[in-house]
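In structure tokens below, several structures.
Look for chain A in each of the two complexes below; its partner is chain B in the first and chain C in the second.
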Partner chain A sequence: MAGIKDLGVGIGWRSEIDLTVERLPGVDFVEVVAENLHIGHLPESVTLLLERGVPVLPHAVSLSLGSADQVDLHRVEHLGAVAEAVGAPMVSDHVCFVRAGGLDSGHLMPVPRTRDALDVLVANVKLAQRNLPVPLALENVAALLEWPDGELSEGQFLAELVERTDCWLLVDVANLYANARNIGTDPERFLDEIPLERLAYVHVAGGEQNGDIYHDTHAHAVLPEVLEVLDELCSRVAPPGVLLERDDNYPSDTEIAGELAAIRAVVNKHRG
Partner chain B sequence: MAAPTTARGTRLPPEQIGYLVAGPGRAAETALARLLDADLVRVSRDGLVSAVHQTELGVSTAVETFILVNLRRAVRFDAVVRNAAKSAEMRTLHQQLRARRLTRDPRPRLAAWWVFLAFGVLLSLLAFLEPWTLFGAVAFLGVAYWTFGAKPLTRAGRAALKDVTASDRVLTVALEGFRGRIGNQSVGELFGLPQSVVKMLPRKKRKARNGGAASAAGCGSGCGSSSCGSSSSCSSGSSSCSGGGSSCGGGGGGGD
Partner chain C sequence: MDENSLSSARERLAARQTELLNALLANGPAPAGFDEQRLGVERLALLSKRRGIVRMLGPAVADELGDRFRPLFDAYAAEHPRRAGSRAREDAASFAEWCRVSGELSEKRKPRWKFWQSN
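Now for the complex of A and B:
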């Protein structure tokens, strides 16, 4: 895909840390939550980053591509408009559903890994792709439950999704780690099964263990174990980009810079 | 950086210098500047200030603690300064400065000051008829001036500010405020703050309090350059920002 190679190391742009993102050294690209942006009134900070030549990638959280209902084309249209406003080479959302039967879950819910659910997902992804001006990448989510009667592993499910829709993959290694802790996903098997040549970029995030459950909070430090999953991924493929997601409880600039440096060190380790 | 001292050799922290230079608002700005400098709070482009950690680790004064504990949720930049300036902690700081005879209670000018003036003039005119009233007029005007016209800084307070220079960015805020300028650079820029944020604060002249004692001329050329704009090189009073360069300009008590 033209223009997506070598994104480098980036961070999720959030208004709370806009000045931090602007002044941190080593921010090669940023991701914005598409639903938070208004076309025609981009945040000054985002405009400034664009003027500096920093790629800005829209990331959506509300397409609900795994819903049995048809994808809402107004949301797809908004995502496409944000992509055009920031000149993004691609957009992304998740392999999940966030609403059903008129109700909003308020959370990225995993889809059942059945062939029927895959058919629904494929239909929605294809419809979204037809209405988007740029390629679409889809991200694996952190799940606290697995639906019964699954027919495919998560890796197989994503591999078939890519094969049938030609979408790109956004691999969140923190979600992969969370799933390993909470529902027994094997990260190595996952990485063996997905088509790594369709990897758009990677997410890294922090979380915390709470009792028996690991919560992918995006509000805590990145665990070394998550970096180990990134390391495993990098041993197989050089990711075009790796992005740190932080959504709350923002640490100091120094700490954020440290996390970005740690990510860069893992990536560079495999670049020789 | 050499810490500024009073005439008796006691160290005077930046927050107290800010108070002596321009009152509780400036002291509050200085406390906020110190927290920014220590990476304990952050400001966003829309002017919201938030605590970096939900602890009070790293605070060094009661006013700083007041600011931090009230930043559990983001607060507007100007409201942070205003609230701190009105806090009980700030009143305590004032009392400490007063106890050390560096400042005295402010004597705000009464709205009806002209009544006193008119009465004094009347007494003076009466002196043409009854010369003895001249003594009364002089005494009355003298008491009125002492009561309503005295500046808050004592001689010791002015002496404490005499050799204070903007040798780091926190002291620069104490002397000039976030809205001040140092050379051709806004003081806010030393902290990487956009003008839209800095302009949330009311502009305040410093001349009224310090009578031109303190000086910004001590800020070396490094503080006036963009190299200090958002880095920490100003924060610790490193050599890049101290010294006696003249390029910062804006020295003396010219206010603005």
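Now for the complex of A and C:
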């Protein structure tokens, strides 16, 4: 795919850590949360990164492409406008639903892995793609609960989604780890089942074990076990990019730099 | 796939998703087949995320409420699940208003009357 061959190692740009992102060495690309940006008023820090030639990829959290409802095209349009404003080669959102029955969950909820849900998701994704100026990548989410009556594994579900929509995949290895802990997904089987040639890039994030539940908080350190899932992925394919997400409880620059270095070490280990 | 079967799929999926969000956000009954304990975990996770956002958007309200912030917010949230299309800022404002109406929060400080602006 043109323009996204090698992104390197990146971090999610957040206004709270804008200076950190600017001054950290080894930030090859960043992601911005599309809903937080206003066209015509890009944050200075994002403009600065763009001037330096750092790719900026818009990441959306509100398209709710897995909702039974029709896609809200205003949200798609905004995402497309952000992509154009930052000259992004690609945009992304999640395989999830946020809203249903007039309610907003405020979070990325898993969809049932049924034929019905897949058919609706495919139709929604195709409509979004027709209204976006650049390719769309879709990310696996972390689930705390499992829908009953799943007909497909998560990997099969995503593989068929890619086949039918030609979308790209954004694989979140922390979510894979979370699902392994919380709902018994097998990360290796997942990686066996998805079309790795459609991998756009990878997310890594921290979380916290609380009793028998692992919470994908993006507010704690990255666990070594999550880097092991990244390692497993890298043993199968060289990911075009790997991005660290940190959304709260921001640590020192040194700590963030350490996490980026640890990610880079895993990626490089397989690049011989 | 044809439009008819797609719209039937949408209807069936809508019913399931609505049932789940009602259970998680609006004290609806647990949908069949779900692990009840996990529904509870998810309910708390969603509530905690929403509470954190409202706290972040309205730190003055949270400060004034102190220890009462959490139980009050949780009571408010159960009565007022977030509506699709609403914004987080509206949620924070509506919580503050709910606290004022129930006497938990002082009235918004009115601008002081200034004699030189009185005409």
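The working rule: the second predicted complex is superposed on the first by the 272 of 272 C-alpha atoms of A that agree within 3 Å, B and C clash if a C-alpha of one lies under 4 Å from a C-alpha of the other, contacts with A are read in each partner's own complex, and residues count from 1 in each chain.
Keep in mind that, in the parts below, contacts are C-beta pairs under 8 Å (C-beta built on N, C-alpha and C of every residue); 3 or more make two chains touch, one makes a residue touch a chain.
Just so it is clear, the model here is predicted, and its values are computed rather than measured.
Annotation for the three-chain superposition on chain A: chain B and chain C fit side by side.
Look at A:Thr254: by the touch rule set out above, it reaches chain B but stays clear of chain C. Once the two complexes are laid over each other on the shared chain, residue contacts for A:Leu144 go to chain C alone; chain B is not touched. Once chain A of one complex is fitted onto chain A of the other, the partner contacts of A:Ala68 are limited to chain C, with no touch recorded for chain B. By the touch criterion defined above, A:Gly101 reaches chain C but does not reach chain B. Touching more residues of chain A than its counterpart among chain B and chain C is C. By the touch criterion stated above, A:Thr20 is placed in contact with chain B alone, chain C being left untouched. By the touch criterion defined above, A:Leu7 reaches neither chain B nor chain C.
Across the superposed structures, the minimum distance from chain B to chain C, using CA atoms, reads 8 Å. Touched by chain B in one complex and by chain C in the other is not one residue of chain A. Residue ranges of chain A in contact with chain B, taken from their complex: 15-20, 23, 43-45, 249-254. Interface of chain C with chain A (complex): residues 1, 5-6, 9-14, 16-22, 24-26, 32-35, 38-39, 41-42, 45-46, 49-50, 52-53, 81-86, 88. The part of chain B that touches chain A in the complex is made up of residues 39-40, 42-46, 48, 50, 52-54, 74, 192-194, 230.
By the touch criterion stated above, chain A contacts chain C in their complex at residues 67-69, 97, 99-107, 109, 111-112, 114-117, 119-120, 123, 144-149, 213, 215, 248.
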